[in-house]
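Two complexes follow with chain A in common, the first pairing it with chain B and the second with chain C.
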Partner chain A sequence: MDRIRYCAGRVLRALVTMAVVLSAVFLLLRLLPVEGYFGSRSDAMSDQVKEQVLRELGLLDPWYVQLKNFWSSLLRGDLGKSVVCRRGVDVVKIIGPKAAVSFRFGLAALLIEKLIGIPAGVLMARHRGQLFDRLGNIFILLVNALPAIVYYLLLQLGGSGLLGIRMLYTKGDIRSCILPVISLSLGGTASTAMWMRRYMADQMNMDYVRLARAKGMTSSQVSFRHVLRNAFVPMAQSLPSSVMFTISGSLYIESLYSIPGMGGLLITAIRRGDNPLVQALVLLYSGMSIAGMLLGDLLMALLDPRIRLNSE
Partner chain B sequence: MGVFAEFHFQNRANERLSEREGQQATDDMFVLADGNTAEAERAGAPGYSYWRSTLRVFLSNRASAGILIFLLLLLAFTFLQPLLPDQKAPTEIFIDPQTGTQYRNVPPNAEFWFGTNSIGQDLWSRVWYGTRISLFIGLCTAAVSAAAGITLGCIWGCARRWDKLFTEIYNVFDNIPYTILRMLLIYILRPGLSTMIFVMSLTGWVGMAKYIRNQILIYRDREFNMASRCLGSSRARIIVKNLLPQLIPVIMLNTALAVPGAIGSEVFLTYIGLGLPVSMPSLGTLINEGRAVILVAGQRYQLFFPALVVSAITVSFYALGNAFADASDPRNHR
Partner chain C sequence: MTELERAEGRRASGETEPVLSVKELVVKFQLRGRELTALRGLSLDVCRGESLAVVGESGSGKSVLTKTFLGLLDDNGRISSGSILFDGCDLAKLSKERDWVKIRGGRIAMIFQDPMTALNPLRTVGGQIREALLLHGRLSRAEAKQRAIRLLDEVGIPEAARRYGQYPHEFSGGMRQRAVIAIAVACGPEILVCDEPTTALDVTVQAQILTLIRRLQKQYGLTVIFITHDLGVVAEIADRVAVMYAGDIVELGSCEEIFYDPRHPYTWALLSAMPQLSGKGRNLCAIRGTPPDLFYDIRGDAFAPRNPQALAVDFKVRPPYFEVSPTHRARTWLLDPRAPKIEPPEPVQRLREEGIRQLRRVEGKVL
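On to the complex of A and B.
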């Protein structure tokens, strides 16, 4: 009962946050340079035509009217039409296929991240201060500290040379997916291993571990039966967000390997000044972020019966 | 010794008081206790200075001491480089006097130490100029984020009435992915050096403020603080003397990590075309120029040199931040 009440409350709060954040983003986007609404032929337009365009888009209305219109069309699933990138096409239709490509790459990378990161973190925690832990820490340090482009380029240059495969992605060629997926998973592998190690280390200092050892369990039994389970709970919280954000793609990797995914879309839209597309994407990302946090909290409530279910 | 003396003295006074009941206590009934404060203090802890211990623990780790020296030398060289003799201007295009064309893509040699780029500019001077720009961005962002984060975090933690409002503002900020927010703000405000620092600081203070607020909530009602408040410490004194010192490790860590973070962000923003103008080459600009020619094996030096410098700087700051956070944690002081 408590749990249902907690979940309902959490959903309600997420909806309120969503309303506030989307409205804030929408109002922020009113500051976008207006040239972004005219498309590529803006030079040939007279001021009157420009004003006409803005009026048709409803951009000359006072802000509260715009906000009201925005919400009513959003609830109908209408995010507007692209003005430059693909003129007149519904932005949802532009985003859809690209998101699917990014999603496939992202999911593969996420799988690698967890499959390598979690065992690595566990091993590092169990052998703290030893060789494996040190090597792992150096890996984490490098991945976190270096600007991502540096090791992406290194991997692209070195990897394609070593494996004798093409530098760019070709559709249907599975070998050309190897390097982008590895690059995509590096950051996540490092952070998964780092957090897993930290959570494991925190749990290992708890009294219940000493008790379990005292009653005769071996240290690996304790690790796998108790510590791992408890350390895994905070890991689960970020999982829904990670899955959702796979569709946003990685800008660096998709442009380095010319993969037709979502990563470059926001940049293209910004560079070419396609304001409706920019708006749709930013709203989409913000919405995903809120939904991801909500799902993470709900998952936590499901997994861990000890979680505080009331807010105070 | 001091306490005992006091105790005997008290007892004697009581006895005397009962002997002459009904009389008023006068000054001559009291004998000054024989307490020596200097002596009492000597029995306590040996001299402990927080910063000296931090420094000692920090320097006792040879690796971090080495990195610190390396970074200081690198910083000194970066800022002294234009003062050295025979340095070229970073944006000057060099022309071959014999053919009258630019020195394009000249590999490293005695004249151009890091070679030249595709339009004939000297890569050596560009790399150090770019390092100055990138470091400036990184250090400014770290300083502004730290100052704003600490101030706002303290207000957030101490002003109970504003807690709700601050939390809501935080939620709005936290729910828009930072990369997106940065891109959008730079797009709206138009790219430039000050825009870049402003935008990065705007997203940088949030995490720090949240952390400080949480820690203040934890420490605010602890006994030592209650005692301090009872003794009449002002709110400002409580924050500065009692609360902030507890947070130094994390503040230092965050500030140190903000530098490589900002440098990395700058590289990213330049990559997507929201970087600084061409007259102001940063490390991001140079890495991008280098990336454009990676397909030609003989020209990869144009990527190699800036990438090497940026890696050295970011890794050093990151490692130092972590080492310093460990050293400044009083639990590691023995």
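On to the complex of A and C.
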């Protein structure tokens, strides 16, 4: 009962936050230079034509009218049309397919991160100071200390040279996805293992572990029945956001392997002055942050019975 | 005749059978490249069915001692010599987890100081009791659940069936300690080690928990080892008292002997420090100085540097145990026939008079 009330309260708060944040972001984006609405022909336009364009886009209306129009079109799923990158095309249609590509790569990488990182972290914590832990620490250190671009390049060149895999992504060729997915997952695997090891180590020092051992459980029973779940709780909170943010793609890797993903889209849109596209992307990312946090909190509430909205 | 009645009979006749026998136990810890001796050749017999209190200030090695009974010393600690005989087996020699799990819980169980953190916060209280039952008994899950609910009821938790499914944070401190006790009892141990079980609780709850432990001791015929630095708790629960100082037992005797006829200067100092004894309006007595640094070898009597009336020999030669009565011994040169007569401090003398008065009353009734 308490949990249901907590979840309902949390969803309600998220909705309010979402409304406030999206409105604020929308209003801030009104500060973008208006040149971004005219596209490549802005030089050839007379001031009169420019004013005409702005009026048609509703940008000369008072801010509250703009806000109202923004929300009503947003609720219909309309985020405007691109003016530069692909002139006249609905931004949703531009973002959609690119996001889908990034999402597939990102999800595969995320799965690898968790499937390797979590067990690795658990093993490292259980055998602290021993060989596996040391090797793991070296791996974590290397991945964190080397600039990512170095091992991305090494992987690309080494992988394609040694394994004879195509260097660039080819649609429909699953083998060409191997290297980018591995590159994408390396950093996450290292940090997942590192945090998991740390959370496990924290939990192992807890009093309840001592009691569990004193009642006659073997250390592996304690690890799997008590420590693992407790250590997983703080990991779980960031999971939904990680899943959602896979769609934002990776600038480096997508350009290294020519993957048609979301990686550079926001930067391209800003550089080329495509205001509607910039707006759509910024709103999308803010919305995802809030939704990700909401889902993370709901997941935590599911795993940890102590969580309540107010600490009464 | 039950086990308990037999134990009672033995105790009445003065005959004691040790269930656990510690001999010349030395425990060392590696700390920042240095070696610390936490227990310095400690010997102790724990008798079946008794409740033994181990008292001493922080760092005297009380907890280290009981941790060796369960093989729960921290990784940097080890038993460097001595033995712990339990049921024909030397616990000091056990190293494999496989062997220890046969002892832990099922033979010797332990409860800890802080009930707020002793339970896994993410699992139900009932589930954690059932887990102990399933580890040590051949029960089905449903049977174990029924038994766990009965145990919750036994340790005095109302509405046990509903409480079974609740989480630790829904329990108060006292109730959590009851639940921890239920877990320990669920393992079916012979010896229950209580490591300061009431220190973290408020006074009214303390008394309830002590009563509960005593009741369960009778009901299950448990041998209870009580670690505490609260002499009030000792008077409440103990049959015998071991006074520890700097990794050794300096005095051991029955509860009456320790309170009414203490012999070691450290025991005197401890008793004098009880606020109840200093009397209203008088300053509280404190023991001056700090315990010795266990990184160094200790010469003579470890308490000598803090003892204002220490003898010259106290700084040179470690005193042996002198027997005061068959149940009472103390490690102090004051008991040597050659020693000068030194009177205990005033609060201890008052305690002694109180003891004599009580004795007369009892004798008066008997005669």
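As a convention for this text, the second predicted complex is superposed on the first by the 304 of 312 C-alpha atoms of A that agree within 3 Å, B and C clash if a C-alpha of one lies under 4 Å from a C-alpha of the other, contacts with A are read in each partner's own complex, and residues count from 1 in each chain.
In this section, contacts are C-beta pairs under 8 Å (C-beta built on N, C-alpha and C of every residue); 3 or more make two chains touch, one makes a residue touch a chain.
Because the structure is a prediction, the values reported are computed rather than measured.
S.K.: Mind checking chain B and chain C on superposed chain A, clash or fit?
M.R.: fit
S.K.: For A:Ser286, is the partner it touches chain B (first), chain C (second), both, or none of the two (neither)?
M.R.: The answer is first: A:Ser286 touches chain B but not chain C.
S.K.: May I ask you to decide whether A:Lys171 touches chain B, chain C, both, or neither, giving the answer as first, second, both or neither?
M.R.: neither
S.K.: Go through the superposed model and pick first if A:Ser219 touches only chain B, second if only chain C, both, or neither.
M.R.: second
S.K.: Per the contact definition in the header, classify A:Arg210: touching chain B only (first), chain C only (second), both, or neither.
M.R.: second
S.K.: Does the superposition put A:Asn230 against chain B (first), chain C (second), both, or neither?
M.R.: So A:Asn230 only meets chain C here.
S.K.: State whether chain B or chain C is in contact with more residues of chain A in the superposed arrangement.
M.R.: B
S.K.: Return first, second, both or neither, reflecting whether A:Leu303 touches chain B, chain C, both chains, or no partner chain.
M.R.: second
S.K.: If you've got the overlay open, could you tell me the nearest Cα approach between chain B and chain C in whole angstrom?
M.R.: In this superposition, no C-alpha atom of chain B lies closer than 8 Å to one of chain C.
S.K.: Please give the residue numbers of chain B that touch chain A in the complex, ascending.
M.R.: The contact residues of chain B facing chain A are 168, 171-172, 175-177, 180, 183-184, 187-188, 260, 263-264, 267-268, 271-274, 287, 291, 294, 300, 303, 307, 310-311, 314-315, 317-319, 322.
S.K.: Given the complex with chain A, which residues does chain C contribute to the contact?
M.R.: Those in contact with chain A are residues 70, 72, 97-98, 101-106, 109-112, 114, 117-123, 131-132, 135-136, 167, 169, 180, 183-184, 186-187.
S.K.: Using the touch rule from the top, collect the residues of chain A that touch chain B in their complex.
M.R.: 17, 20-21, 24-25, 28-29, 31-33, 141-142, 144-150, 153, 157, 251-252, 266-267, 270-271, 278, 282, 285-286, 289-290, 293
S.K.: Along chain A, where are the residues that touch chain C in the complex?
M.R.: Spelled out, the residues of chain A in touch with chain C are 206-208, 210-219, 225-226, 229-230, 233, 303-306.
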